[in-house]
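Structure provided below as structure tokens; questions to follow.
Chain naming follows the written order as A, B, C and D, and within any one chain the residues start at number 1.
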Amino acid sequence: MTIRAVVWGENVHDRENEVVRSIYPTGMHGCIAAALNADPAISATTATLDQPEHGLSQARLAEADVLTWWGHKAHGAVAEAVVERVADRVWQGMGLIVLHSGHFSKIFKKLMGAPCSLRWREAGEKERVWVINRSHPIAQGLGASFVIGQTEMYGEPFTIPEPLETVFISWYDGGEVFRSGVTFKRGGGRIFYFAPGHEVYPIYHDANVQAVLRNAVRWAANPAPAWADVNKAPNVPADQAPEPIKQQGPRLHAPGEAGYR
Amino acid sequence: MTIRAVVWGENVHDRENEVVRSIYPTGMHGCIAAALNADPAISATTATLDQPEHGLSQARLAEADVLTWWGHKAHGAVAEAVVERVADRVWQGMGLIVLHSGHFSKIFKKLMGAPCSLRWREAGEKERVWVINRSHPIAQGLGASFVIGQTEMYGEPFTIPEPLETVFISWYDGGEVFRSGVTFKRGGGRIFYFAPGHEVYPIYHDANVQAVLRNAVRWAANPAPAWADVNKAPNVPADQAPEPIKQQGPRLHAPGEAGYR
Amino acid sequence: MTIRAVVWGENVHDRENEVVRSIYPTGMHGCIAAALNADPAISATTATLDQPEHGLSQARLAEADVLTWWGHKAHGAVAEAVVERVADRVWQGMGLIVLHSGHFSKIFKKLMGAPCSLRWREAGEKERVWVINRSHPIAQGLGASFVIGQTEMYGEPFTIPEPLETVFISWYDGGEVFRSGVTFKRGGGRIFYFAPGHEVYPIYHDANVQAVLRNAVRWAANPAPAWADVNKAPNVPADQAPEPIKQQGPRLHAPGEAGYR
Amino acid sequence: MTIRAVVWGENVHDRENEVVRSIYPTGMHGCIAAALNADPAISATTATLDQPEHGLSQARLAEADVLTWWGHKAHGAVAEAVVERVADRVWQGMGLIVLHSGHFSKIFKKLMGAPCSLRWREAGEKERVWVINRSHPIAQGLGASFVIGQTEMYGEPFTIPEPLETVFISWYDGGEVFRSGVTFKRGGGRIFYFAPGHEVYPIYHDANVQAVLRNAVRWAANPAPAWADVNKAPNVPADQAPEPIKQQGPRLHAPGEAGYR
């Protein structure tokens, strides 16, 4: 079964900034999609902010197994309705890979329930990404650590909930550390945040980074059927209780009435 | 040091429903606050939906160590600005106790990043609350389990993130189970969800339930100074890096410029 | 790639107890292995206590992707050397499925670092197993819950570390609850504990239970290469540090000396 | 209520190594106990390997709220009976602070169920300890990070179970990172591992390190009554079940018989 990945890109600096344009002539999303498509198990397409519904219609998301998200300058321009829609699909089981400055995207903050803030510095320094759990699916094919020659520093404290698993921690020239690869689950959806990816450096051309992206998409794809009613709160009347019980005492709701929300 | 607790009540069924009114003549919030004030270490006051800013002004929250939240019929009437404000204070370190139907409150869903849905049945059946970790601060003074004679059934799946700790699991006459006491952390804030508390039964008059509420407030109070900048993303210029580094390579941001969000 | 599973059975009551013998003429391990072999992706063989090295030689374990463990009466008869060997393989990446009374096996207690105690009752009562996360790989193909007609009650508190994920929680006729399906990771190894399986009832003949076993074996199989040096503590001399540093100050160890352990 | 802390020291290099002796004339345990006793809420005494029962008799442990553990050269000399006894007390609710080379102590490995291995280098390099959660009780009074001028490098992968909370992560001159402050719970016991503390450097004289030790002892002290039967597996006969049930079907155990272990 091919994993259907949608690579979402904000596509602003990709078009407007000369440095970014020269590094990523097909956009960062184009580069990431090509990296994913190098894996025969993955079929990746792209979607961008400027498309209708940001390229993320209900129909498109319904057929996505995994969504990757890169945004930075235009977080605020993402429509709330699309954010809600993506969250629903994650809860139903779609995987989500949030990249770099996506830590401040509406969708990541919504799914984390936390500030998702961090320290940062744009000084072209070196980052060394350490593999914390080399048996984790997302770490396959990597060495004990790998280097990104020029990076934007992202430093702790990274105000996320305690992760399910910490896969990578980064060391920086300038003295900081960062949990640069962390996993979460929300409903049926698997979520991976990966820090490297500042747009003025050619980070998504890096072989190790591309391996991480492919691994992450494979890991995040949940073959279970969509959890269609994950957001429902079904009433179970007394006469349909698993064990026989009698209706008794006062009640608020008329039989069959939906709950409040 | 006295723990300052604010007991928030929706105060709708408390006024409008005759059964609820007769059980809770001072409102559910009145009953809960009185239960908390039975502990000399706690000083509890109340706030309700119908007050200006729902009784939760910036100044009031700034002086709250712990907020308890009971809402049901009017989740939708809670102003977004107040929800944001409460979330900010939780991230800064204020404790939050979410009660019963508060599982679908805006604030709980925001902090969980998950549907927070469940099965339910209003049949006056029996609930037995099992203590999973009897050494947990929230379980102090309880036996191995305690019974709530008439309850609304809340059943799994409860679509929350994997909790930090599971303190209670409930058994119901009708055959369901529920993780009825679970903890989380978000930023500096400790969060406890406690399931019992349907308004047409006298649950907040129960001695064991009151003990849980007092324990939970004590547990959730974080004596650390408020994490005032938990939501900030400070830039650390190259010349202020912990280790000496040189600014190099292309950059996106002018020196001193704030990041995007 | 076929998953190589070894089904370990204590094989004591299977031989000595007439009830158990009649339910499981090929032993419980025989029944479990047959259930696993119904999945073409799995190739299961058996090993028992009475075999040399309990059937778990170094060579055998080296070729096992997943080990399932059922023991009860003879926990104390399992050789420490075999327990150590199994733990090493789990840390290297072999999956481990611990069944029922295996909660008190040496290997489970060793990997948990906790008492692993529980309440119990052998009264032939009904157990209803609730699926907490229906999108979890181990829950595939099951309904919202399933019933085991006659079971041994295992009740909370179950003194395990907080699980990575709670997949199942059981309800019992007699009023107890139990986290009956929980996952953990240790090193490269995935661990699943599953409570149902008392030997005087035909539980491993149940279709839902067999589905859980197959799902669990698939989930626990880690395709990553064995983490061969997971137990090593490599010294990294100053002249081989990732970043150039100078050896300085006093030191305890001679160059190249191994650490203490 | 004063917190009763027992500071356990191996006391081998403290006596035998001239460098260590000059830094710690009263032993490392002496220095640590003095640091703890600077907090009026803590009453710390010491115990060492060379004492009868390593200074950790049943009676002594029964009166300890928190035990700190520093060992290195003589891990193997610690009696199994004492290790079992300490584990029992942790499960009952005694706090445990494991220091530096204690990552390979018998007690830490037993409670983790994992290899607890790491990379290391003894080159007198600099360590910068980053505070991941500044609202955590163990981080009170510290800045965003603090420096240890000369340290032994401990590097990832640190093969521990996923921590309950990651409080500190360290950066090293030589390019490595390490989760240098992590929490766990086992039964009623709170466990904190703290990495700094190599014996040939004056690390336990450092004001920040001493603050961490005091904070950790306060955090680890669990005021709950000892969970005396945490290791028991009580049988609950059918006629004492919380809900009325009838004994039925075959059974293995005679009424009142203890379970197997």
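A few notes on this one:
The criterion applied here is as follows: contacts are C-beta pairs under 8 Å (C-beta built on N, C-alpha and C of every residue); 3 or more make two chains touch, one makes a residue touch a chain.
Small disclaimer: the values here were computed from a predicted structure and weren't measured.
Of all residue numbers that take part in the contact between subunit B and subunit D, over half occur on both sides, making this a same-residue interface. Among the pairs A-C and B-C, the greater number of C-beta contacts is found at B-C. Ranking all chains by how far their C-alpha centres lie from the centre of subunit A, first place goes to D.
Between the two copies, subunit A and subunit D, the C-alpha superposition involves a rotation of 180 degrees in steps of 5. Averaging C-alpha coordinates per chain places the centre of subunit B 36 Å away from that of subunit C. Distance between chain centres (mean CA atoms), subunit A to subunit C: 31 Å.
Across the assembly, subunit D contributes residues 128, 133-134, 145, 155, 162, 164-165, 175-176, 185, 187, 242 that each touch 2 or more other chains.
Chain contact topology: the protein chains form a complete graph, every chain touching every other one. Residue ranges of subunit D in contact with subunit C, taken from their complex: 13, 17, 19, 72-76, 87, 91, 101, 104, 110-115, 117-125, 150, 153, 155, 159, 161-162, 164, 173-176, 184-187, 198-201, 230-238, 241-243, 245-253, 259-261. Those residues of subunit A that touch subunit C in the complex are listed here as 93, 128, 133-137, 139-140, 145, 164-165, 185, 187-189, 222-224, 227, 242.
Remark: subunit C residues 128, 130-134, 144, 155-158, 162, 164-166, 169-172, 175-177, 179 touch subunit B in the complex.
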